[in-house]
Structure formats: C-alpha cells, structure tokens
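There are two complexes below, and they share chain A, which is joined by chain B in the first and by chain C in the second.
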Partner chain A sequence: MSETVITREEIKEFIKSLQGSYEVFAPVREGGYHRFKQLTGDEAADLDFSNTRLSPKSLLFPQSERMFEFTLDETNEDSHILKETPKEYPPAVVFGIRPCDAKALRLVNVNFDNPEFTDPWWAKRLDSMTFIGLGCNDPCSTCFCTSVGCGPFHEEGLDILLFDLGERYLAKALTDKGEQLLGQGGFQEDADVDTRKRAGELKKEAEHKISSHVPTDKLKDKDLLNLFDAPFWDEVAFACINCGTCTFLCPTCWCFDIQDEVSKNQGDRIRNWDSCMFPLFTLHASGHNPRSEKVQRARQRFMHKLKYYVDKYGNGVACVGCGRCVNYCPVNIDIREVFKLMNEW
Partner chain B sequence: MSDNPYLPYRARIEEIITETDDYNLKSFKLAFLNQEDEQQFHYTPGQFCEISIAGKGEIPIGIASSPTEKGFLLFTVNKTGVVTRYLHNMKEGDMVGVRGPLGNWFPWEAMEGKNVVVIGGGFAFTTLRSSIVFMLHPDNRSKFKDITVVYGARSPGLLLYKEELWEWEKRDDVNVHITVDATEDPEWQYNVGFVPTITEKKITTSENSYALVCGPPIMIKFTQPVLEKVGFSPEQIIMSLEMRMKCGIGICGRCNIGDKYVCKDGPVFSLAQLNELPNEY
Partner chain C sequence: MIAYGEKIREIAKKLLAEERVDLIIGFKQGTLPLMTEPVMIKEPEKTDQLYWSSFCSMNLANYLPKRKEKIGIIAKGCDSRNIAVHIVENQIQREQLYIIGVPCTGMVDRRKIQSLVDGKEVREAIESDEELTIKGNGFEQTVKKIDYLQDNCITCMHRNPVIHDELVGDLVEERKDPDPYDDVKEIEELAPNEKWELYSNLIKDCTRCYACRNACPLCYCPTCFVDEADPQWVGKSIDPTDTMTFHILRAFHCAGRCTDCGACQQACPVDINVRLFTRKLNKDALELYGCEAGLSIEERPPLDTYQPDDYDKFIR
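Now for the complex of A and B:
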C-alpha cells in the first residue's frame, strides 16, 4: 500500500476534483460547531476542528429515513401494498472522519449486517463509501480512545489515513479502495523515510497527549447479573433527566423506531432514531413497562455498551472513547466513571 | 424472506372469527397472495410474525396455526392499541402484510420421546394451540408420549378455540383439563379454579417431561412453584416472552433482555436460560 505526500493545496484540489464523480462529505463549520455535510459548489472542508458535534453515523443511518411507500387509494390496484422507497447509492467519499468515528461504524456494522439478516440501506451505503480519515494531532481532554481499542491514528474502518504534518499531509492507503482513490489524485511524491518517521512520531505524541484513561480489562469476565444488580446504578442515574442527548450523539448507538406516516392517501413507513433513555421505548400496549424507572434506562445504556455488547460479539466494548456524551450531557454524567465502577465492581 | 427483511409478504384476510364473548379477541385466517411466498414460508410452532397494516404499523403476533395446516396462517389478536384496534375493524378480503416467520420455537427436537405438558392462561394460548395441533397430527403424534393440556380463562366465554377444545377433550390421545376462574353456568362440565391450582391437581410427575407455559405474569408466577414441587427443573420449563418490538429481526435494539434479543434469540426461553438474564421483562 502506498504512502504519499500531499500538500495542503493539492488536497484541496483533490477533494474538489472528486466532487465530479463522488458525493463528498466533509466537516464544515456551522454556528459554533462542525458537522459533516455534502460539499457542493465552492464550499470547502474546514479541517480546523477537534471533532464534529454530531457523529457521522447519520451519513449511513439517517436520523429519519423512508423505508417503504404506499398508497391507501382504494381505486389504485396497488393500494395498501408496501414498495421500497426508491434510493440511489452513488459512490461517496467521507473526508476528514476521525479514527474513533470510523471504528464506531465497524462496531455498529456487526448489528446491521449479521449472519442472519442484512439491513439493506445500511449495507448498501457502507459499500458505496470510501473513508478518508484524519488522525488527531491534538486529542481533547475528554477523549479516551486509547483505552477502548482505538487511538488518534487508529486505522480500522478507514480506507486512507491522513497525517497532518503541517504544510503537508502523509496519506497512507489502507485498502484497495483507498489505494484506488489516491491513484486518482496522481500524486507524485512517495513519502521518504524521514516523513514516515515523522508520521510515526506524530502518532506517538498524540497517544501520549491522551490524558483520560479508563479500565476495561475485567468487563468481559464479570458476571452479567452481578453487574446488573450492582448498587451503584441509582447513583449513576441520579441526575439523569433522560434527555437522550448521549444516545443521539453517540456514534455507536443505533436503536431505531419504525412509524407509518400518512398524508392524504399517500404514506411512508419511516424509521427514526430512538433512545433507550425514553420511557416509551419499552412500553407495552398493556401498560406494562419493563424499564419504567430512569435508573433502569440509564443502566440499560451503560450495560449495553460495556457488557451486553462485549458478551454478544466478543468484539470489545461498544464505545470508541470519543467523549461526546461526556461533553454534552447536561448533568455531567460521565461514562468514564461508569467504566471504573463496572470494571472494579 | 426477500432481500429486504423489512418487506412484508402480501396476504389477504380470508376469515375472521370472534373468539370471546367480550369481543376483544378475534382470529384472522390469512392467505398469501403469491404462491411462491407461501412455499418459502416454513415455520415451526412457537414462532411469530410481524403483521403489517399500511398506514398503521406492524405488530408481533404469535402464529396460532400449525405447519401441518396448509393454505392459511392463523393469528389471534387481542384488541388493545392502535394497530390491533384497526385490525379488529378490518373485514374479510382486506389486504395485510406478513413478515416472518420470526424468532425461535419450542424445543421440538428435545421434546421427542417425552411427555409434554402444555399450560396456558387467557389469550396467551395462541402458539400453544399451534403446538397442540402439531403434536396431534398423525405424522407427529407418535413422536411424543403423554400430552397433557391445562388451559384456563377467567370465564367460559373468554376461552379461545372453544370448538377445538371440546373436541380435544373427547380424544383419548391427549389429556385436556379446561378450567375457568369462575362461572355461573350450571351446564359447565369442566374444571373451576385457577390454572396453578388445576395444574397442581393434574400434573403429578415431571418424569421425562417438558412443560410449555404461556400466560399472564401472575399465572406464570404461581404455576412455576407448582411445577417445581413435582420436580420440574428449570431446563424442563419452557416459556414464551413478550417485549415491545419493532424490527423483529434483532436490529432495531428495542427488545433486549440482557444480551438477548427476544425477537431473535427468543421469544422461547427455558426457565434455566431466563434465570441467567436480568429480571427486566
């Protein structure tokens, strides 16, 4: 796989040129925050960011997505019959995705594409995308990726990884897809030994800058029921207002609801992000609710990420340490504390 | 299933049967619109489907027919919320969607050569009906030893599948104990008493047996100790669970109990399996 040196100017041109044959998604600044957006016209990516506030999961799994459409018009012979909403999956490039968010897509993929069932929308989008990651030179104080099998220059789920070396980038192709895309740039300069060395140092420096660490080593062997019944859940959940911010921002939260919406005689079956933090999530028609208390819902979120997922897939925890939930929880509930409580219990 | 596991098969309501005298339970006989769909739809008693009504949504409903009954699928639906209410107002000839079969099934392989005790309460008798019809079929009856059924409802009018119950009651290859909590009907010739009480009277051994138990939580709570008293181990007690569901295929994340999805890893669990899961259902 190639490792190429690209100047700042070249990369701008490259991204621009890709817009001819790909949909290009990249971080742009909007208000006080960055978010992933499709670049159109002269709009340029803004790579001066730590991470986007919303995770890029919505590029593959939109917050609201039409699944099927139907007509209720009885005079139509197809009345009441669900038809897949027509969709296109043009080749797309996700530029500037952080390594944690790229890994998160792999963690979520085991749910959407499993041995028995494949979610067609997720799988087709994933397949259509090429991911150009941007390593983190300056991780923030709430990042703890290195504790959870990830890191500021982690390569999993990426096709190309960029190292920001100041005036130049080192672009490392990681897959055939990435190699092919880089090839389209016609970049001339192979990275020499010094540049590669510098990239290696950059990575080490970034890893050292991570100041948050959480323990995970004992989670796998813990007894599930013992953790479930642990006394600390009341305290963990005490301040939670069940706002759902954490689950909406989290790159590894994937729960959704399915609803039919009808206007006049036309209808759509739609799926919407949902959250285990909401009491309606588990409410039965009978009125019975297995998770009627907020402590049960908060416990569900943490147990899912740090125990159920671990046991089910043998794939580590369902958290990449991006710190979004830590940063945006209105009452400062901190998953890093919960890691400690669970791992040490 | 098609390439898209969320896309329902097309089906028509062939027949609607009002089951109970409070009109809250109706059975729907559905027929597939396309032959090919019917041919690739292979199910086993204990499984369920998502019934889809365009504009209203989808609901998980146990399959009440047995795979030995050809040409239709039977579902018995309690009127309770948006979709079930709408379904109750539909008429023969109307179109619905069916997605499935979904979930696992009762442990039929393990039950071969065993006595099978079927204990049901109220309207949670649907997949148990499927199971009884399946076991009593001439092709299958010899695979099982004694079959005993305890089925109860609050009153005679609330029993499901009454005609069949009276017929099974007359057969000598199945022991049927029908019961009601109370009745003022002087003609009532079956048991009076709660399901756990009747179970205690009629089920006296656990030897070489499996018990399939479906019913309201209160019934299950009081039946369990009765079974344990005659020696049923947690491995021999099989139950079917309900959780609120959407996708039915283990993807939407809604119906978990611990690390299991009830829609995919269940709905059938042995008590031994449930004992290892959080009590959050």
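Now for the complex of A and C:
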C-alpha cells in the first residue's frame, strides 16, 4: 500500500476536487463546536479540532430516519402495506474522522451487520463510504483510547490515515478503496524513509501523551450477576439526571426506537435514536417497567458497554475511549471511574 | 467564596454525627477542572468529599422530590428558591430539610472559559476569591471571575438563600439593577415571524436528549408529556415541529415556577440557551402577577391560584 506526501494546499484541492464525484463529509466549526457536515461550494474542512462534539455515527445512522411509508386509505389497493422509503447511496468520503470514531463504526457494525441480521441501510451506507482518518497529534486529557484497543493513530475502519507533519501530511493507504481514492489525487511524492520514520515517531509521541488509562483486564472473568449486584451503583448513579447526553454523543451507542407517525391517511415508520437512560426505553405494554429506577438505567449503560458486550462478542469493551461522555455529562459522571470500579470489584 | 468548602464540610459532619439529618446533598470535586458532581453523603467520615467552587452550577433541589429522609442540603440563592417551590408544591416538607445556605457571588460559565481559550483543553483551574487561573497545553491565563459568570448569574437578584437553617458565610450584597430583562425586551420588539425564526434557530441543533428538562428541579412529573406513549402527545423524532413543541410546552410548564437558576442551559450538550424560553415567561409572571418564583414557602405559583384582580386582558 502506498504512503504519499501531500502538502496542506494539495489536500485542500484534493478534497475540493472530490466534491464533484463524492459527497464529502468533514468537520466544520459551527457555533461553538465542530461537527461533521457535507461540504458544499467553497466550504472547507476545519481540521483545527480535537474532535467533533457529536460523533459521526449519524452519517450512517441518522438520529431520525424514515424507513417505510404507508397509506391508510382503504380505497388505495396498497392500503396498510409498508413500502420501503427509497434511499440513495451515492459514493461518499468521510474526511478527517478520528481513529476512535472510525473504530467505533466497526464496533457498531457488529450490531447492524452480522450473520444473523443485516440492516440494509447501515450496510449500504458503510459500503458507499471511504474513510480518510486524521491521527491525533495532541490527544485530550480525557482520551483513553489506548486502554480500550484503540489509539491516536489506530487504523481499524479507515481506508486512509493521515499523519499531520506540520506543512505536509503523510497519507497512508490502508485498503484498496483508500489506495484507489489516493490514486485520483495524482500525488507525485512517495514518502521517503525519513518521512515514514517521522510519522512513526509522531504516533509513538501521541500514544505517550495519552494521560488517561483505564483497567479492563478483569472485566471478562467477572461474574456477571456479581457485578450487577455490586453495591457501588447507587453511588455511581446518584448525580445522574438520566438525560440522553452520554448515549447520544457516544460513537458506539446504537440503540433505537421505531415509531409510526400518521398524518391524515399517510403514515411513516421512523427509526429514532433511543437511550437506555430514558424510562420509556424499557416500558412494557403491560405498564411494567423492568428498569423503572434511575440506578437501574445508569447501571445498564455501563454494564452493556463493559460487561454484556465483552461477554457476547469477545472483542473487548464497547467503548473506544473518545471521552465525549466524560466531557459533556452535565453532572460529571465519569466512565473512567466506573471502569475502575467494575474492573477492581 | 472559596472558603465555603471548609465550612460546608464542618457543618455537614456535625449534622451527620449528631444524627440531625440522614444524609447530605452537596457537591464533590469533579474529575475535570471546570466541573463538579452532585453527591449524597451519609457517613460523617465521608464529609471530606464535600467541595465548593465556582463550578457548582447544577441545581441540587433537583435531587429532593419524593425523598423521605431528613436531608441536609447545600443551597445557593437559586437552589433555595427551587427548594421553596418544591415545598409549596408538596414535593418535600420543610421539616425534612436542613438548608445549608450559600451566599453566592455567581457561578463561572465553563463554556465561556472554554471559548476564551478558543476551545483548547483546560487542564487545570485554580481559583481565588476574585480570580481564576486556567492552564493547558501552551497557555496559562488569569481572568476575573466576574467577567465570565453564567448569564443567569449576571442578572440574578437573589444571590442570598431565601430560606436557610444556617449560612456558610456572610450575606452578600444583592444586585440593585431594577431591570434584568434586556434580552427578553429585545426579542419582544421583533415581528412575529422574526421571533419564530429566532427560536427555530435557537433549537435547530437540539438532540432531544432532555438534559435541559432533567437538570431542572421543576420537572418532576412521574411521566413527562414527551415520554407518554399512550396517548402520544408529541412525535419523538428531531422533526422541527416536534422539537419546538417539546420546548414550548416545557417552558410553559415552568411558567411562574422557574427561578432562572441556569441549570438547563448549563446541562445542554450542544450549547442551546433554553432560558430564552423561560425568561420571557418569568418576565410575564413578574409583570402580570408580581411573582418571582420561590421567594416564599407560602405563596402558590400564580398559574395555580386565582385572585379576583388577576390579569385578565387576554379574555375578550
């Protein structure tokens, strides 16, 4: 696979040129924070960011998505028949995604595309996308990616990884898709030994700068019920206000709810993000709610990420260490502390 | 205000040791520099966790409804007003509470600090009475706290707790500015379509995470109207109509009850100032009914009482 040197100017031009044949999504700063947005016209990506406030999962898994449409008009022969909402899957490039978020998409993929079930919309979108990642030279103090099988230059889920070397980038193709996309740029300069070495150092330095570490080694062997019944949950959950912030911002939270919305005779079946923090999430039709208390809901979030997922899929925790929930929980409930509590219990 | 921490720990320890309360609700130091975490303490030995800083912005009254124990609670001016609202609305009994009042000089807005350093990460914050020093990679800056207060603290007229059993420090001087509603007046001047546009724009990024609602002490209904599934009053997607319905209804449910504590604004993960809804209603409650929420534990909120001389110009 090729490793190419690209100047800052060239990459701008390249991204712009891609807009002709791809939908290009990139971080832009709007209001006080960065978010992924489709670039149109002269709008440029703003790579002067630590990470986007919301994760890029919504590019593949929108917060609200129309799945089916139906009519209740009995005179219509299609009355009461669900029809799939037509969707398009134009080739897209996601530019500037952080390695943690790219890994997160692979993690979510086990839910949406597995031997048992395939969510066609997720799978087709994932397939239509090429991911150009940007390694993190300066991880935040709340990033703990290296503890959870990821890292500031982790390659999983990416087609191309960019190393920011100052005036220039080293672009490393990681898949055929990436190789092919880079080929379209017609970049001339193969990275020489020194540049490759510099990129390697950058990676090491960044890993070294990660100051947050969480223990995960004992989670797998813990007794599930023992953890479930652990006495620390009341304390962990006390401050929690059961909002959806942590789950909505999280790149690995995948839960959704399906709703029918009807106006006159016309209806839509919609899928919306849902959150285990909401009481309605588990409310049964009978009126019974197995997670009627806040502490049960808060526990669910941590148990799912750090125990159920671990046991079910055997590939680590369902957290990539991006730190979003740590930074934006309004009451500072810090998953890093819960890692410690659970792992050491 | 920094010295309050010591006093809070002292009072809390005594109350628990003498078994005058079953538990204390206060703040502990956050894991991040500009944050704190609400905490419940039951043992006198654990009272050293209690902490005070200019980042105790959440409203602790939020943790009271339906509790049965005897509770010691730390209360800034606004928290104390929400405690009063809870008492009036029967969410908690006055006798259950030992209110440890904090005369407040204002909470510092973490987001204002973050935008001051252009979104760079603040890794350390050191506070003195008047100043705040923030440090991060390649920067160190000292600012006057008063220049970076939360918006609601800038216009706050009740910094001293309105009810309390004990104070952690001397009362502070109240602001005398007769008019804290400049922002609302500006909006009132707009044409209806401009108002609609302003509010639509305000909430365009809303994720419907409900952090604003859940951070608010007023929202204690067992099932919120947005969570009701049968009947379903409002759609659950992020369709702008549904999102606006949520915000308008939430605000109206707070009319005449909101203390402008700012918890809702502070909680929002996408920086939406939802107080722009409630503040208009606060102003109306003041102008039409002479009501400021939570100033007394006797007076019921204006919208659930009737007086013959109530404002009635809207009836035609």
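Throughout what follows, the second predicted complex is superposed on the first by the 345 of 345 C-alpha atoms of A that agree within 3 Å, B and C clash if a C-alpha of one lies under 4 Å from a C-alpha of the other, contacts with A are read in each partner's own complex, and residues count from 1 in each chain.
Methods note: contacts are C-beta pairs under 8 Å (C-beta built on N, C-alpha and C of every residue); 3 or more make two chains touch, one makes a residue touch a chain.
Source: prediction; values computed, not measured.
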*asked:* If we overlay the two complexes on their shared chain A, which of chain B and chain C does A:Ser141 touch? Say first, second, both or neither.
replied: second
*Examine A:Asp257 and indicate which partner it touches, taking first as chain B and second as chain C; both and neither are also allowed.*
both
_I'd like to know which partner A:Met1 touches here: chain B for first, chain C for second, both or neither._
neither
*Mind working out whether A:Leu283 is in touch with chain B, chain C, both or neither, as first, second, both or neither?*
both
*asked:* Just to be sure I read the superposition right, which of the two partners does A:Asp311 touch: chain B = first, chain C = second, or both, or neither?
replied: first
*Regarding the shared-chain residue A:Val331, is it in contact with chain B (first), chain C (second), both, or neither?*
second
_Using the superposition on chain A as set up above, list the residues of chain A that contact both chain B and chain C._
257, 259, 283
*chain C - residues contacting chain A, complex*: 30-32, 35-40, 58, 62-63, 111, 114-115, 119, 121, 123, 137, 205, 207-211, 213-215, 223, 227, 229, 235-239, 266-271
*asked:* Looking at the complex, which residues from chain A come into contact with chain B?
replied: 67-68, 70, 72, 79-82, 84, 111-112, 114, 116-120, 224-225, 228, 254-260, 262, 267, 269, 271, 274, 276, 281-286, 290-291, 296, 300, 303-304, 307-309, 311-312
*Within the complex, which stretch of chain B touches chain A?*
3-8, 10, 52-58, 80-81, 84, 95-97, 242-244, 246-247, 249-254, 256-259, 264, 276-278, 280-281
*In their shared complex, at which residues does chain A touch chain C?*
31-33, 49-50, 53-54, 63-64, 138, 140-142, 235, 238-239, 241-245, 248-249, 257, 259, 261, 270, 272, 275, 278-280, 283, 326-328, 330-334, 336-337
